[in-house]
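If you scroll down you'll find the structure; I have some questions about it.
Here the chain labels run A, B, C and D in written order, and each chain numbers its own residues starting at 1.
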């Protein structure tokens, strides 16, 4: 167990370092940043805000990771979020029960994912373009549902998902934690993870080895649709209304960024859900840090770009090899250790 | 070893390490003007790595390179080309999306008024290829031609680039006898012109046919350099593998299989790929498939395995009709298929050797029943040992293995599924002598255990050694079947020639 | 013959704009006008394309809700050359005023000013720290509503804008940014008032204030702009204090002016300014809510 | 006909077909005005898409073009307003900046081995951020030289115009086609798309080619920004949001594979026209709500891709049978 834990930590090390660096940097400019207190049975503080506000991107990143691992990309997640938010709001206001609403919404999200998956796996359309179709049309569909307005609702159950709390944590955090753990267990305790990585690296060789490529590809996009549905529900529940115009707008880029910051290659193959979640949290930490910093908003983008470039440069393979001499003694130690076994 | 003034290329104490591997350890290498110098060694000995260091594709860790007595340091392959070193790297290394002509003249296209003169380029390309007896539409994408043709194009390009040195890393792996002969004619001509030629291969006949001197590497170290004439085959093999080889491919013994055919294909085929054919395979039988390049051998295998769905005919196993509509369906029937093009159809490059080995087995079990890590390790170790796959450890990404070792890992992938019907398309391509003999032995033992095998190979000697029957292909059709006494290399050549004559007339 | 009017709308980025679109279509229908609607998806180039193709189709008049003030001279000149009158809706442009018939807009700076005045009057000299939720960085409502508000505050040294960040005109961002304001300002204790460039952000921010355990409307005064239905609900609940109306019915006056112009060539005034009416909790918010909620907000 | 021209031919066929269909419904679409507009209105997009074509052919992607266009516009507006620099001088300056910006991204992509998607995404944030810092206001450009440039057009019979910028786009396409198919650099671009590792082994100067590709894309994005500033006579930091996606779509509709290595610059022009046609059709129709507009654009995009696939598939089958 311990060696597995160690390889796990080694995988996540760059992300953990980046996150700590950002948190430290923020807390130096804004002293109260690390404070946590309990208020109304709920943890309260900027750190919790990061986890909470990061929920949509974390969720999207979880699905996106799997899609990217298959060498795909899903640009439609933002639009699917909007669709699902709109569907949830319209069902709950039409008097359906919370359970029915959630079920339908999730079904819609999964269906959207399936559509993408079929375009990619069966019609063999390139993922960027295949999902661009739904990215463009999806927001229209969402607006069709809400007729361009913000569809507000008062159902306490649905609102609870957005702003309630469980065991001291805001519900969105609980949701993504549970979802992330479930997905990670699903892919790593079954053979899905390896098969998906195989498809991402060499689809043809995988098919020839008997891997059920089309089905797994479709499943990957369906998972992404599911993540987007949950993210959409949370986003709508958070503001007690479905904003089809703006929900999830450009979030697909943040999600992709999160996956890359998490160290998963856009060329497919090896992936780590946990690292992507950390990536999303890093991005949210940057956003929250910018908000707390009090800089005028015209600097937001520049600050964000600079920090991202910095993190990516630190992570880039070249940079790492350039500083490989730092790691050499450690690696040598590891080999001798292995030989000793 | 004296540094003769005749040396055109001298490499001194070349070092190259990869994480976990010392690929080259102070290797010296001297290439003379007007000689063909064979560079030999087992899979993973470091041959390709040495080549890549010489041509700047890898940065060497240490050592120096002299070209014509002048120290050079090619920073990249472009540099090496400018210095007059033309290279064919091991895997076909041309660009499939470019036209044949563009591949030939990439980076040195003829220009007029600053623009590339496409017409002149195509004309030059046709002229260049006519030396190789190839009449191609040079404006078509390279991908539309077979691996063999691509290989010839790669050779043509390298030869044209080599002002001083020509390096050929297993250029003959996917060529048949005819093309090899043609290549050798060209090599001799270049040699007469005073070029130095480095030639890497695992075919020892070819070594003796063409080379003047031999340098052997083992585990990244120089074993020695000898005159070919002074070194007999046994000693050479001993130099390469560090021990005596029990026996090389032994002579054929007739082993006709008994009993009813287990696998029965009737009128099986796919339009545009392979004409309908009948095929029966018994348990404990090896059916060899012979034919020239592009004769449809790979297509036969792919149709049998369901990689391309057959559009005519029926398949029966043990008398029961089966649909082999996809690789999955075939694998469910305990089929296995080791493809010819390992780079695109075989290896899953970024995954580890272990994962590559268990992939097909895992795919057959389905994703819900993962093979435990311990079991994966056991399988991987088992086959790494059984097939002698040279790798630092089982977690190494397979793309970092040498070509021959990748081939063995793919073979292991299928053996792990314990197939009953195994199709091997060029299983020994790029495999060293030692391993070659082992694979032949392996095929024998699988046959003895009652497995049915279909083996495609361009090496007739090898086919003759293990086949119980041989099918000869021509123009995408099965044209002859040899069995019993008639299984000899001579008969196969006859059958192909007869077919060719018929085509010619 | 039937009057054909092209309408180049910015897009559908908010409930307010959806209402404007709905009302424009309604108004056109009432007057028997054949309205050609083109949605520009927030892009000026699409608006220019739309106007050009309206000209190519030979419509009788064009309505434009320009996404940005600059860059219209050329295409307006083309319309003028083709003798098609152009009316600007809800935002003005930086072009010479003989290129269009009239502009039906509110005064964005004035809106900010009204909001600022209300705040200044309400706090009546007491010291008050204000946080500001800006609209989309660079958009003209964000720039002008900020300017107007700051003008109203100048001279009132008791009022200070302590934090100002963009909330992109959306509820989600409004809530998120407000959360960070609250954290940054001692859990909200230092904040006395919130000024949001639109109601949507205010609605989001109100939720953030509530979740932080404070009472919006009392602990923190909330003033915003647009007067969309949801803010009236909040006002009725005592959670918002004031809003400045931006009417979505710009098309009514525009069509009236157009009809007059086409009938006897009477050029209307170059600027038809809509009222920037201030609503407070005293204005029976529930009644206004009921009036507004069917308008497609 | 050659296999490799198939996607291009399919695209052209689809365009002609749909143009005919539109014209049958709205005869006005045949007017020279509409055709002139198609050129003028899409000029900036077309120019940016040429750069994008090269990037995609090489197997990369450039998400920064929209922001670079906005930055260019704001930069020009600020410079022309606050200094007495001649616009031509300002053009040269801004082109130098955007080219350098592109080259820098290319260097990061190559030397740090980072994926183009992410590097250019950061570039996108950075360029728009720079635009914001220069000015958040939209600034009109009133320089007389702009008026002169805008006065340059060729009047077609029927009221249409071939404007300077429309002509410039055609010129850029012509040069782009020449570079892609008639220069060593062009072949190297395709070579990178065929596989960087292989290209490297074949002696393609991968580093300099990559840098040049992104520099070219930066240059053309800058040029596109100049065209956009001529088009609107203004600089605005929120301009041209999402143009990169339009450009990518045009490139792909034009038959270029996003995986790189295969496609045509000329196809991109047809892709631009197809997109322009969709827009024109929707405004001529004029009955669609905002949301139906989006849905229809998505559906048409899908239909075009499907049609293209279908045509390629059919003709390939026909050939195999022949």
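Please note the rule applied: a residue touches a chain if its C-beta (ideal position, glycine included) is under 8 Å from a C-beta of that chain, and two chains touch if they have at least 3 such contacts.
For clarity, every value in this text was computed on a predicted model and none was experimentally measured.
On the document's contact criterion, could you list the chains that touch chain B and likewise touch chain C?
A, D
When the contacting C-beta pairs are counted for C-D and for A-C, which pair yields the higher total?
Result: the pair with more contacts is C-D.
Determine, using the mean of C-alpha atoms as each chain's centre, which chain is farthest from chain D.
Between chain D and the rest, the longest centre separation is with B.
Taking each chain's centre as its mean C-alpha position, how far apart are chain A and chain C in Å?
Here chain A and chain C have centroids separated by 34 Å.
Averaging over Cα atoms per chain, report the distance between chain B and chain D in Å.
From the centre of chain B to the centre of chain D is 44 Å.
By residue number and range, which residues of chain D touch two or more other chains?
132, 136, 289-291, 293-294, in rising order.
Check each residue of chain A and list the ones that touch at least two other chains.
143, 147-148, 298, 300
List, in ascending order, every residue of chain B touching at least 2 other chains.
none
Can you name every pair of chains that touch?
A-B, A-C, A-D, B-D, C-D
Under the touch definition given earlier, write down the residues of chain C that touch chain D in their complex.
Residues of chain C touching chain D: 6, 9, 11-12, 18, 21, 35-39, 41-46, 48-50, 52-58, 68-74, 94, 136-140, 143.
In the complex, go through chain D and note every residue touching chain C.
26, 28, 31, 33-34, 37, 40-41, 44-45, 132, 136-140, 150, 228, 231-242, 276, 279-280, 282-284, 286-291, 293-294
Spell out the residues on chain B that touch chain D in their complex, using ranges where they run on.
Of all residues in chain B, those touching chain D are 57, 76-78, 80-81, 87, 89, 93-98, 102-103, 106-107, 109, 111, 114-116, 118, 139-141, 144, 271-272.
Quick one: in the complex, what on chain D touches chain A?
108, 111-115, 117-119, 121-123, 125-126, 128-130, 132-133, 136, 245, 248-249, 252, 257-259, 289-299, 301-302, 305-306, 309
Using the touch definition from the top, list the residues of chain B that touch chain A in their complex.
Residues 19-20, 305, 307, 327-328, 331, 337, 339, 344-351, 355, 359-360, 362-371, 393, 413 of chain B touch chain A in their complex.
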